[in-house]
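Structures given as structure tokens follow.
Heads up, the next two complexes both have chain A, just with different partners, chain B and then chain C.
Up next is the complex of A and B:
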């Protein structure tokens, strides 16, 4: 089976699951969780391209996520700009900001990007809290209008489920394509050995900066969708802890594995909700589960599980 | 320009390279002409790999100029030198272990292909066609080196000889005009080294110019047209294999008194 065929089969299966889930899931609460998974999934997707393919770590993706959310909110609610073009404009602007941030830091060898993005996230958080006139300050920004399809507002958990997952699937598919192309190959080469990649004629600096900008654009898109979906945002969502959480999702799911990233986003978004019933022990269990995953599946949940299944098959085969 | 370089494909002009206090390369000048196999020899630490790194742009020279086809390439980045069709291999095999054999060769074609981020994301027909052509070309190159059957194996699962062949296949798939080989026979046994000599001679017959850094004297003497000898960063001799074997200074400096080359 060719790689392309395999990709199509898995992707169609995912699209099928996404299409059927609302039939099985009753109640706004579960839909809300699924919707948040789609949003986190988008941010994870971009970060996974950066970490898993270009080998660079960003601790500032909450800031790009926040830029999408706040700019969409401010422009559409305060200045009545049309939501869709605003979303697109904000995405491009965020990518440009990331590009400018990336040029000096990604040129240096080593993990300067971590420090730069960490600082950027903190600065942006302070701005969100302090610039009360525009952002509403610590109490948040309410009354963000929904997105429209024609003249129809996309409101409510179910409509937004379709909206958010359509976007996720679209961006997911495009990313799967990118990974399986000349550019994806070059990015993996950079991840494995930058010096040799450069010696082969790959402009490694440019690739790293561009993929960083693209991953920021994904986060911005997720942020805009988040703001229009919930109609209320507050700075707390976009602090440094969200950045760390997103990195954790990438690591738990499987660095460099886009399908793993989706699994990581799903598991780590749903887990706190499931553990809610444990009350005081919830945090302890969350920590233990995280630790367990990293100890037993150091290369990530999905690659680890695939290996486990493969080994199981091998054992069964030997028995026969 | 032709005057300046005397029609040389590659010319180093009084190149110096200083690492902190250490003068690694001192006033080295050398010329390579099209279609030659030229070998660079010298004891360990003589500066052979440093010369390759200077040519391929890993670091710039402290002073001096490097010309390719009469055009200065001094101070260019490695990817820019590669785009000028200068390819290289590394002393310790540097293939991408986590990728398949054919993906490694496709990376060698990278700078000859055009598809960017957007084409890659949308998989336009033109992008798919280019990719398919590239895969065909990479596969054909692997066949030439006798490792076509390994195309879809992980690169870390093949033998050292096969890895060396893969590295050379990756470097020549883009049809470079100059190939820099850094000890292609190191770690190979006698039979494999002979096969490597045939491979290098074959490359030259296809019109490649080759600069070969090598420790194996049998290999060097059997395939090189001209030899440069480096010692402590200085060029102490140049000439045909016969001349080098008779040169008393080379024998003294490089072979430590042994006359048995």
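Up next is the complex of A and C:
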């Protein structure tokens, strides 16, 4: 009971911060970073469900993110399909692709999903670069129409801030509840001990494949929103480095901790921007910080910090 | 007409295949000792090659002296990685350790960029560039070096794992870590040794391929991915599988480039890789992993 109340309080606080931030933050640059945090946060959310609760890693979420972005772009810009239904259709399609990819690989012990998703990401990246007629090739795809609310186009950093963060909060809330639901408990049982979960009558295979498909759908949604927001996409955004970055955000934030994932997304999205002043040394520092955090706070930044402050356990359901 | 090119494809497939095989071996050795997928494997390759370039071109050492020194450099990097972040990590979760190797890979790559710059560098062939014409195929002398050195490395490794006490101890660790510790094998030392060995093998791969393909600070990424795919193709952790997987991937890639399209060369290689993963996920020589349920 108190846990549910706690969840509500924390969530309301987050919503409050999101609502107030535009008053404090001036200038398109900071809004842009906040918007990218919302987009990365969405992808991280899905991947966190997969890693934290099904115990499986995907190194191909950039591909699902890219599928959302490119399919939305191609259909709405080249064939003038309405953006919202397209977004939904692409989401479903991406989930189905992930489902098909997951069936043979998630059945097996070991990390076969990592390899399959990695290979899938590389193939998709090459297709984005090579199929110039459809994707614009390495120079990218420009002129993607914005999303509309009624007849109003959602354009500009501030309008998109509301759009992206509304989506993020919505999906975040659904995910928080999913984690505490029967499905969430089943997934956590699988993560703890697959054999026991199976013996308890949980269809472990099906749960894992379904959560993988859901996480791919999150990434696809983020990709479509990204494309409509920036109106320009290029393959570089969707290479395996992005997949690695997203996994990093999950791990740094704290595996299986959705709040930690948000912190990880925020810190690691902002970090390269802060390090930007270091120019050529930015990536080097990124690598060092990544190693440092993982070596000294392997349970993740947020749980690590909480422990450091000594306030005990965290809100999220996955303390153990 | 395209059939007349077959021998040429065969030769170049064998060449890149040898390199993938060496990288796959590096992956396998670390995986067997620690359970980690080492994402910095490609950086070992790059650092070996770059050190060799500096030693021969800046210091002016002859190839014969520079070669072992560059291999030592690769071993040293592997050693530092193990005694540093990997050993100090306050977690034994495989996922955390794997992500630490990702961090190490970024760090090494960027450090290399500051040392050697961004432009690709090349290395003189070990013995001239006059191709030997053999039927329809022109073979560069460097190709022979690559095949020969790969063969030597594979044979030496085979002897190491089957004849020496340390090699057998490493195999015992791969088989059962706790069991190995119980009979008095220093598991930590074996882990360290696996990184040193992989660093050395990676460096060898980098040194011998650079005269043909050139090397840049970021070239390790794609090489590592190919080596990784080769390791899966052959069966992850299997030494025989790594070699055959590497050669197979090299062949698939060059024939794919020749018969399908060179733009889709990499996509083709990874598509086959995905197919193998779906049909026979344990790879060609992998152990059947029985799920105990």
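Of note:
Here, the second predicted complex is superposed on the first by the 309 of 320 C-alpha atoms of A that agree within 3 Å, B and C clash if a C-alpha of one lies under 4 Å from a C-alpha of the other, contacts with A are read in each partner's own complex, and residues count from 1 in each chain.
We take it that a residue touches a chain if its C-beta (ideal position, glycine included) is under 8 Å from a C-beta of that chain, and two chains touch if they have at least 3 such contacts.
Computed from a predicted model, the values in this text were never measured in an experiment.
In the overlay built on the shared chain, the residue A:51 is in contact with chain C alone; chain B does not reach it.
The partner that reaches more residues of chain A, of the two candidates chain B and chain C, is C. Once the two complexes are overlaid on the shared chain, A:210 sits against chain B while remaining clear of chain C. Using the contact criterion defined above for the overlaid structures, shared-chain residue A:186 touches chain B, although it does not reach chain C. With both structures placed on the common chain, the touch criterion links A:290 to chain C but leaves chain B unconnected.
In the superposition on chain A, A:175 makes contact with chain B only, not with chain C. Judged by the touch definition given at the top, the superposed model places A:130 against chain C, while chain B stays out of reach. When the two structures are aligned on the shared chain, A:196 is found in touch with chain B, with no touch to chain C. By the document's definition of touching, of the two partners only chain C reaches A:112; chain B does not. Annotation: chain A residues 195, 198 touch chain B in one complex and chain C in the other.
Residue ranges of chain C in contact with chain A, taken from their complex: 37, 85, 88-91, 93, 95-96, 99-100, 102-111, 113-114, 225, 228-229, 232, 236, 263-264, 266-267, 270-271, 273-274, 277-278, 281, 289, 291-293. Considering their complex, residues 56, 58, 77-79, 82-83, 88, 90, 94, 96-99, 103, 106-108, 110-111, 113, 115-117, 119-123, 127, 130-131, 134, 170, 174 of chain B touch chain A. Taken in their complex, chain A has these residues touching chain B: 174-175, 177-178, 181-186, 188-189, 192-193, 195-204, 210, 214.
Of all the residues in chain A, the ones that touch chain C in their complex are 51, 57, 104-105, 108-112, 114-116, 118-120, 122-123, 126-127, 130, 194-195, 198, 240, 244, 247-248, 251, 255, 280-281, 283-284, 286-288, 290-291, 294-299.
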